[in-house]
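Let me begin by presenting the structure, written as structure tokens, before commenting on it.
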């Protein structure tokens, strides 16, 4: 969102059920969606963790998922690249299309899917290898580079995109774990970028970071948006407000409200949304 | 701070070096201090982690310590109840008086000190025992209650003060660890309150909690202030703004600026403070 | 809306509301007293209004101060943020309304010195009308009643019409007798000031609607009175 | 002050500054055109000023909108917060300044219809003075120059003095010939409007000082002109 003036940020409100067209002659053409999710339910055994969530995620946009603990936001984001698969007894119902492709179709390889839809976690988790190896690993196993020279190029480009190269260019062969927390998180982002994803999922990416490291990640998110679709789960409403174009508020497994972030934080429609963002929930 | 109107919150600015008296005839009488710290330095071996910090902490007030990772705020708070003692090679220089008593004097029992100056940590850490046992443990080992009935009374009173009793009164004999994260943190606060402390230190008490649980802890801090002196370390500047009467900004082991929280967040004196709280630091 | 989990936040927001209500009451009574002083030629009462304006200025500063602290310390969003912004805007309109009432009072002092030549009933009626609008606007603010605020918002035209006819009337008096010129010139400003207090109350109503509904009233308001375009010619033409 | 780590924050704050500068430029040229229309009896130019005011209203709404979003989405503190609050206050003063310039233009249309009886040089001079103060105030805002803002803040008295003497002069013209009453009554308001634009610029200067220094100017400002207390008696007394 960084290149948009504040005034111009009145996007089409994507409603929880169906997108509403802009009224009037100045309506922008509909933006393409990266994900189109319809009536997504998640069951853990008999227990339903997500009650039929329909949400479109705009291409190149930053979408923030917010809500109290247990609201389903993490469950939902994990559906987007099938991170729930390994959980025993977990079952996903409904349709999740990535560029029209059903991510849950039997012929979809979860490993390929996770290259297209990368993920960054709460705690930075670099491999116990060098900075260089951390970034080169993905392109190598996905066959995206054939030579050391090509790999060097991918590593540098990915580190630059993650706004980390200048800080680590003389430390490429030191362990990734020797970096500061904020640098480690940007290394994890570089690692995700190295396999040329379309989408990057971030699950509380800054909760272990201090405000300066957090601001650097937030600036990076701004820079990546446009070129990448970003979905971020965050406990910090302020962070959702700062980084996202669209915000979706979850509560007790329901998607309560979704819309342009500035609308959600100035004039939300649902009283539960207003209660949550203003600190009124019991 | 909850009973103060916003307008009346113009407290005397406590300067980093020496308190300045209010000017004019309407000056309030000087507030008593819980802690008076002078030129506190902390060494880890040869490395100095705190560069001569002088800071008074007002009785019954909430003081927030803020600053980027490695700034010394945690090192400083741990000096207040000698939590640095067990760290090999760690040495504290300077004077830290609690109600006039030198906390580092050889005749001070650290266990007794930590009853007067309780501590709550980032991750809630209840003992692997019942809710009741968690709270009763301290009063029992400090001989503050002689009978089961007296202990029951102390447990209930402490849980009420921690705004937890109503939520757990039917679960007193379930494990403390069965509570939600926010309840566990309030249980840890109840445990600290049970031994009748003067001061409660809190080191990032909400960083593992969601916004609702965080708001409940913040409301609890408001309720406890006045009766207890509270010192809180937090990465969240917004939390410091919300909960504290006084804010101290640390940077690279220095206490850069301290003053009433509203002054720090509206008109800080030092450019480094302004840079940090407005997100300008490189 | 439910209470905040952090009670101090509610107390601080309530203190803003209380200051606004106090400012509204003060502006209302300043206008009433100024009109009273005008019709009773009571320079002493007028002087009280002039000094009373300081309290309103001070309250506005307090509102600014509380609002700044709330924004810095509580990071309000949604309805809470709109409440803080409404308080900032409304307090500045009420402060200006008070300023204008003060100016009415100042001119009442000057007018009291001139012979009582003109009927003041039109001005006093206009004052009463605007005074009622201040009261209703503050009621609407306290009750977060957008419908009531819309009533206030729509009721400005009557004031504008009164003002335009007063303008015409005062010019006629001035032409009748040059001795009327000084008092009537001041009365022109008195009438204009009251009309402008009405405009500020219209602004207040607008902010209340925004506070409650999150958007401004939609239809174009017929805002300006016509007095700026009004011409009156002397009875006896000399050419 | 250094840049924010998050560049979009700087861009959004800068967009506020740009809107304020645009509003200042617009208010300045509206006042200049209104005074020009007045002295040249140019009803067409005056009509342009009247319609041009809509742009200023729209810019004020944009400033309100950006400010609200900044507060909701960025949680500004310290100097950033003061900048947002200053923009909110200054935009409302500039909008009102524009309103007053528009009213000058409206009256210029009416005055152009009456025979040209009074010298307008005093009013035009006053307009130029205030126009200069608008320009300097906006320069001070853009440069965050509290000293320059203090100059603007202190320079209001000259305008007030000019206004009081104009008031006296216009009343005298009205007494000389009843045909002067309508145009001079409008000129009374023209002069008052310009004086009040000056007051708004004083407010702007005050907000700049608060923005830069974190506190308002200290000494009590000599705020009001004396025209409200001015009496002029007819030359030929009839009693």
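Chains here go by letter, A, B, C and D, matching the order in which they are written, and residues are numbered from 1 within each.
Methods note: a residue touches a chain if its C-beta (ideal position, glycine included) is under 8 Å from a C-beta of that chain, and two chains touch if they have at least 3 such contacts.
Quick caveat, the model's predicted, so the values are computed rather than measured.
Counting only chains that touch, the fewest steps needed to get from chain A to chain B is 1. In terms of the stated touch criterion, the partners common to chain A and chain C are B, D, listed by label. Chain centres here are Cα means. That of chain C falls 20 Å from that of chain D.
One inter-chain figure worth recording: chain A and chain D are separated by 49 Å, centre to centre, where each centre is the mean of the chain's CA atoms. Rounded to whole angstrom units, the spacing between the C-alpha centres of chain B and chain D is 51.
Contact with two or more other chains is made by residues 212, 215, 237-238, 241, 265-266, 279, 281 of chain B. Across the assembly, chain C contributes 4-6, 68, 72, 75-78, 81-82 as residues in contact with two or more other chains. Taken as a contact graph, the chains are fully connected, with every chain touching every other chain.
By the touch criterion given at the top, residues 68-69, 180-181, 207, 210-213, 215, 235-238, 276, 279, 281 of chain B touch chain A in their complex. By the touch rule above, chain C contacts chain A in their complex via residues 1-6, 9, 75-82, 214-215. Across the complex, chain A meets chain C through its residues 237-238, 241, 265-268, 271, 273-275, 277-282.
Those residues of chain C that touch chain D in the shared complex are 61, 64, 67-68, 71-72, 75-78, 81-82, 85, 88-89, 92, 103, 106-107, 109-110, 113-114, 167, 171, 174-175, 178-179, 181-182, 185-186, 188-189, 192, 216, 224, 228-234, 236, 238. Only residues 4-8, 11-12, 15, 62, 65-66, 68-70, 72-75 of chain C touch chain B when the two sit together in their complex.
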